[in-house]
Amino acid sequence: MFNPGDIAFVAICSMLVFFMTPGLGLFYAGMVRRKNAINTIMSVMFVCGLATVMWFVFGYSLSFGPDAGGFGVVGNLSNAFFHGVSASEAGPYTDTIPGALYAVFQLVFCIVTPAIVVGSLSGRMKFSALFVFVTAWLVLVYYPMAHMVWGQGGLIAGLGAVDFAGGYVIEISSGISGLVACIILGTRKGYGIQSYHPHNIPLFVIGGAILWVGWFAFNGGSALSANELAVQAIVNTMIASAAAMLSWMLIETVLYQKVTVMGAVTGAIVGLVSITPGAGFVPFEAALFIGGVVSPICFFFLTKVKEKFAYDDALDAFGCHGISGIWGVIATGLFAQTAINPVAHWDGLFFGDTRLFAAQMMALAIAVLYSAVMTAIIMLLLKKVMTIRVSPEEEALGLDISEHSEEGYPAFSGIDQ
Amino acid sequence: MKLVEAIIRPEKLEPLKDSFLKADIKGMNVRQILGCGNQHGWIAHNRGSSVMMNMLPKIEIKIVVADDKVEDTVKLIIDTVRTGEIGDGKIFVKPVEECIRIRTGERGDDAL
Amino acid sequence: MFNPGDIAFVAICSMLVFFMTPGLGLFYAGMVRRKNAINTIMSVMFVCGLATVMWFVFGYSLSFGPDAGGFGVVGNLSNAFFHGVSASEAGPYTDTIPGALYAVFQLVFCIVTPAIVVGSLSGRMKFSALFVFVTAWLVLVYYPMAHMVWGQGGLIAGLGAVDFAGGYVIEISSGISGLVACIILGTRKGYGIQSYHPHNIPLFVIGGAILWVGWFAFNGGSALSANELAVQAIVNTMIASAAAMLSWMLIETVLYQKVTVMGAVTGAIVGLVSITPGAGFVPFEAALFIGGVVSPICFFFLTKVKEKFAYDDALDAFGCHGISGIWGVIATGLFAQTAINPVAHWDGLFFGDTRLFAAQMMALAIAVLYSAVMTAIIMLLLKKVMTIRVSPEEEALGLDISEHSEEGYPAFSGIDQ
Amino acid sequence: MFNPGDIAFVAICSMLVFFMTPGLGLFYAGMVRRKNAINTIMSVMFVCGLATVMWFVFGYSLSFGPDAGGFGVVGNLSNAFFHGVSASEAGPYTDTIPGALYAVFQLVFCIVTPAIVVGSLSGRMKFSALFVFVTAWLVLVYYPMAHMVWGQGGLIAGLGAVDFAGGYVIEISSGISGLVACIILGTRKGYGIQSYHPHNIPLFVIGGAILWVGWFAFNGGSALSANELAVQAIVNTMIASAAAMLSWMLIETVLYQKVTVMGAVTGAIVGLVSITPGAGFVPFEAALFIGGVVSPICFFFLTKVKEKFAYDDALDAFGCHGISGIWGVIATGLFAQTAINPVAHWDGLFFGDTRLFAAQMMALAIAVLYSAVMTAIIMLLLKKVMTIRVSPEEEALGLDISEHSEEGYPAFSGIDQ
Amino acid sequence: MKLVEAIIRPEKLEPLKDSFLKADIKGMNVRQILGCGNQHGWIAHNRGSSVMMNMLPKIEIKIVVADDKVEDTVKLIIDTVRTGEIGDGKIFVKPVEECIRIRTGERGDDAL
Amino acid sequence: MKLVEAIIRPEKLEPLKDSFLKADIKGMNVRQILGCGNQHGWIAHNRGSSVMMNMLPKIEIKIVVADDKVEDTVKLIIDTVRTGEIGDGKIFVKPVEECIRIRTGERGDDAL
């Protein structure tokens, strides 16, 4: 039986999560130079169109349709064009809301994920190549990952691993893919020498705020019902993000005696990522710990590791989402409690049971490997068949003009009357 | 006529405007530039990485004055904006051959 | 009996739709020159104050009060000052939420509509004249339109025409009025020669994102209940906007080999407009078609038609809202299904019944004629009694300083310490 | 019994209210000079981290835990670390939503309140000192105020005074504290001579819009249920803010023949503040009056009083929140009706009963005195133990560089390629 | 060669560009400055308080022309931008010793 | 002393800064301008309409150098920023009569 409270909750959460994608675009755009602002926004926003249409046509079916061939890797096409997905009947995944609402809630997740990946590729990829990349990535990485973790008969779910709101499916898949893709794409010109060029920090903050708010809907809505579990997830999300913000500020204070807005907001975001897989499984105290610890881990990766290996993960899809996502699924294996959410068959390691932890590790290995290999294949193939980078001159001129003939602030100077 | 062009710290613009007001110098124009000289800039922290900002925001003030007022103007500027620390800026004096007030068409020192 | 789920849903949707008006202000402001940014924001924002107070005092009553005189054109004043509109009793329009909540949900629609119109008048109208114009327009155009389509005993409803979330009342009335008003007002100086001067595209994107998200609440909330119909509307809205974004990008790619952010977002917006009248009537596949087709239609009007007839519809209220709204009501007449929403008495033309389509066409004619004539009367009268345009010098200087003594970014230069 | 509709409503309202804090940061940042934009955002945003962690650890308990010692001033520590606050059981304050959700809803209020205070201190306070100040202020002012007004056995509640959504706890406490703190901190250099330097009005509008929308959730959600009372509060909030916007515009028109965006939005905000304490107690007509009258009052304080006494309430925390909050609690004493909300034991003065009005006055005196004294103690102590102001050189250079080594728009000039 | 430097009202830039186009003057560059002179600025209202804006946005145009074209250029500017009211701006003429076209290395008047 | 004023493409600023660093030229200042010359700008697409952008963003660099260093500086600039395509920009050399370092009051070439 449909419950209006649940429908209201999931519908509104879908809207707020949808808001996250443009939010991410603004968040990213604020961090790039002015000459690349348009390209950055475009690279994120077009996914709203592309991923939605693909989802309707076949994406939902490949992700959440009946398992194809029984391998637990991908769905079949029986739900293509939302065939059998209805606004007036419950779907196979939950009883209290219509199947089409479930599909929409899953869609908004599917939109934001490739939009995260593009952050790694910022400032040098041709837009046409990016378009093809995202299309291929959705088919070859996202849909299978979603199916494996959340689909009927999914492989990873079958291991007993759990993922409340997208640790494997969203954070790890996008982070790892970003890393692999940016390595294959190559660094931006002058990378390392001239790296500090955000052009609009208030814009970054606007985007960050939208992400933060949306994340409550992201994690809370993943309960698919306005119930106790949703509340548990929301409280955990709040605690973890706040703790991560504070601990990032602490690191900056210790190292530089100054705190920065970019640092504090980044801290909050990695805190949000870290609690995503466990939000509906762990107790409040664990959220405090998970969030408090994620900032030092990410800080280390964003500074030391990135420098050492000299990959140009431009806007830190890997450093923020990949790493925090990995920590999040590990932490879920440590602190989950079946009493909070019986979807987890076993308690976490910290509570004395090794089985969930082992399942999480196995799932982690699969997710990392799968995303890495598939993304590498896509990028290498793309490189063969089309130009994936702009020319050095275009890069220097900025992708806004070279790729879009559009500037971020054409008449801002006050000169162009 | 000479053009006195001073490159100063942004935070010194307000005091300088006050000094000019007192000395009854009214015409001037101002713009923002990025400068680099002996001053080294500051260290910024970008999501953990430290980065050196080597071009610093400065203000450039331009005042066209009659030949006999150049020294006074230069002195006034120095007195107002000097802090004695690196980054205080420079003053350049350049020749101006003609000045025209658009409104009236007046020329020369009268037009200042 | 009140249903908390429905109250929660409609209340939150009202908030998100309210957000659309400032969002529209930012969307518009980003597209104008810097010297007109304040004026553009002001022209939209003041409506939040004006339309709300008018609504409370007499607007709700004129729109949704008992029919005055039985002509089905306007309500009487018996609900003035929300007399008989209560937070604790259901109203005449729906049972599961209080009458005052219904009034609020309708209010937020009433706010955004004149705010759309002002987009056509941007950059040259005196603010005082605009204030009077909006006041008169609400009384003479909006309230009657709302009554005719949605009010008890309304004329257009009586024809059997349907309008789920405001095709006639909002999109067509604002678009047509914008066109008529901008023609009477005259073009901006130098119009045609120097038209490309958006000053802040990220601001435009922020506004566009707020509009997009708000629109889910706009169409979804129009079900007035957290039920199957709301879900149908939300899914349709998502599909249509995505399809329209993609098809706009396709047009740009074909014509210019480049896609732009302004284009892609405009595509999404016209997609949202086009599905508004039919969101709760048409099946998903139709939404894909409606959205996919609206972009070429609008593109043609924004480029060829506008150029040919040389009207200065500055921010395209007509080109985006009017045209897409017209296509939307036609499409509703084509693809509506009584099985989805029995409010439609007949299926659409595509499913073999001509009656709904005929009703839609008749209603369209009434809406276009009514808005055009009334707006023309208002503008021509205004022109008689007051100065409606700023002087050419003020126009060149910018309306921010001349009309408001306020600039968009006074201390932005970094000079004004 | 939990009600999904109520959970959905309060959960989503919590998210929207959370959004208000970054919104406030942007609102404030738009009003300051560019060189202080980062510092302003930081001063607001860090509270999201700090107040949340403190709330979890002991803040909730001090505010809403069982009364400590029976004085009705502060709670004890028995709910520290959300001990006894659960996502699966109702709390002591309401039956239809989990205790942890109530705690989250109260948390988002607790975050925004100190963020309001910092507006008074903008442009000259050391960030380290601000951090300590906010920590101390939460413990010594906010938690006791919340307990006195809303906690079990609270002193002010015991008087029979009422506060629907935070007139005493949020608006008056922050406004009065801002005033006292800014006087002790001292004026900015050159204050009075060079006061007009907002650097980004569209940013201010973005923030203002978020505040406006969030406020519907703020007042509506305070019903803690998706019921008639929530609707009453939302309608009142809409009417009051609109009326206040219009009356501010009227004042400007009369005095300057021009209306400004900063004025209109400020009007809306003071209207929102003024209805906060009475939103769930007064009838609609009263809301129109409360909002219509608040603008002249505030205008008078922002111009005449502030100038006369020469305190540097930089972003008008006192002028907007303190004054309007005081007017709001007085107005609640005038216009409350037990028929609307039986939480009020008596009708307001206007309806012939003096008791509620007397209680409101008493409560007002306590709130003002308590906040003023406590804030003075904190600031004076701070001044003893640490440097609370930046040096004049740092102030001239801007707090962004001196306190954070970060600029708002580093690569915006287009030069810093 | 001379540098003709004109400080004009922002709203006059478009008309001036048109005049130049007609007169076939192609090379120029433009920037935004803040200026103060006899013009007093406008009164702004900031949440109720009135504030005087004393630095006004102006546009500075720079055109380098051959010696014999200076007068024509000056005249053209005056004709196009004069309104006769305070704030019309100034024109300064300064000497330029050399001009080089980067693309070709040409020097002198040819490089203009 | 001479003022070497170069108008270059924005994307050439970083390389030029590097060249200066190598050549040990430290003092300079930079601003953003809009320029028009032989270069035609690019076509922008605004909701379907094509529009010509005729004023292009350029960077103006100013360096004051001693008389004998002018040629070297000019050469260095040309070598670094030339692409050979329209829009490469111009260099102007102008006389400077005096230079004063505000911090110390030094004058002339010493102050550079």
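Should a chain be cited, it is by its letter among A, B, C, D, E and F, assigned in written order, with residues numbered from 1 in that chain.
One rule holds in what follows: a residue touches a chain if its C-beta (ideal position, glycine included) is under 8 Å from a C-beta of that chain, and two chains touch if they have at least 3 such contacts.
Predicted, not measured: the structure shown is a model, and the values here were computed from it.
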Chain F reached from chain E - shortest hop count over touching chains: 1
Interface copy of C-F among D-E, A-F or B-D, judged by whether over half of the contact pairs recur: D-E
Approximate Å spacing (C-alpha centroids) for the pair chain B, chain C: 51
Centre distance in Å when chain A and chain B are each reduced to the mean of their C-alpha atoms: 49
Centroid distance [mean C-alpha coordinates] between chain D and chain C, Å: 33
Inter-centroid spacing, chain F versus chain B (mean Cα positions, whole Å): 19
Multi-partner residues of chain B (each touching 2 or more other chains): 10-11, 14, 30-32, 34, 43-45, 53, 55, 83, 94-95
Residue list for chain C, restricted to those that touch at least two other chains: 3-6, 8-9, 12, 16, 35, 196, 198, 200, 206, 256, 258, 260, 262, 396, 405-407, 410, 413-417
In the complex with chain C, residue positions of chain F that touch it: 43-51, 53
Chain A to chain B touching residues, read off their complex: 195-196, 198, 251-252, 255-256, 258, 260, 262-263, 266, 299, 302-303, 307, 316
Of all residues in chain C, those that touch chain A in their complex: 3-6, 8-9, 12-13, 16, 33-35, 196-202, 205-206, 208-209, 212-213, 216-217, 220, 225-232, 234-235, 238-239, 241-246, 249, 256, 258-262, 264-265, 267-268, 284-285, 288, 396
Chain A-touching residues of chain F, taken from the complex the two chains share: 9-12, 14, 32, 34, 42-45, 53, 55, 83
For the chain B and chain F complex, residues of the former touching the latter: 2, 6-8, 31-38, 55, 58, 60, 74, 77-78, 81-95
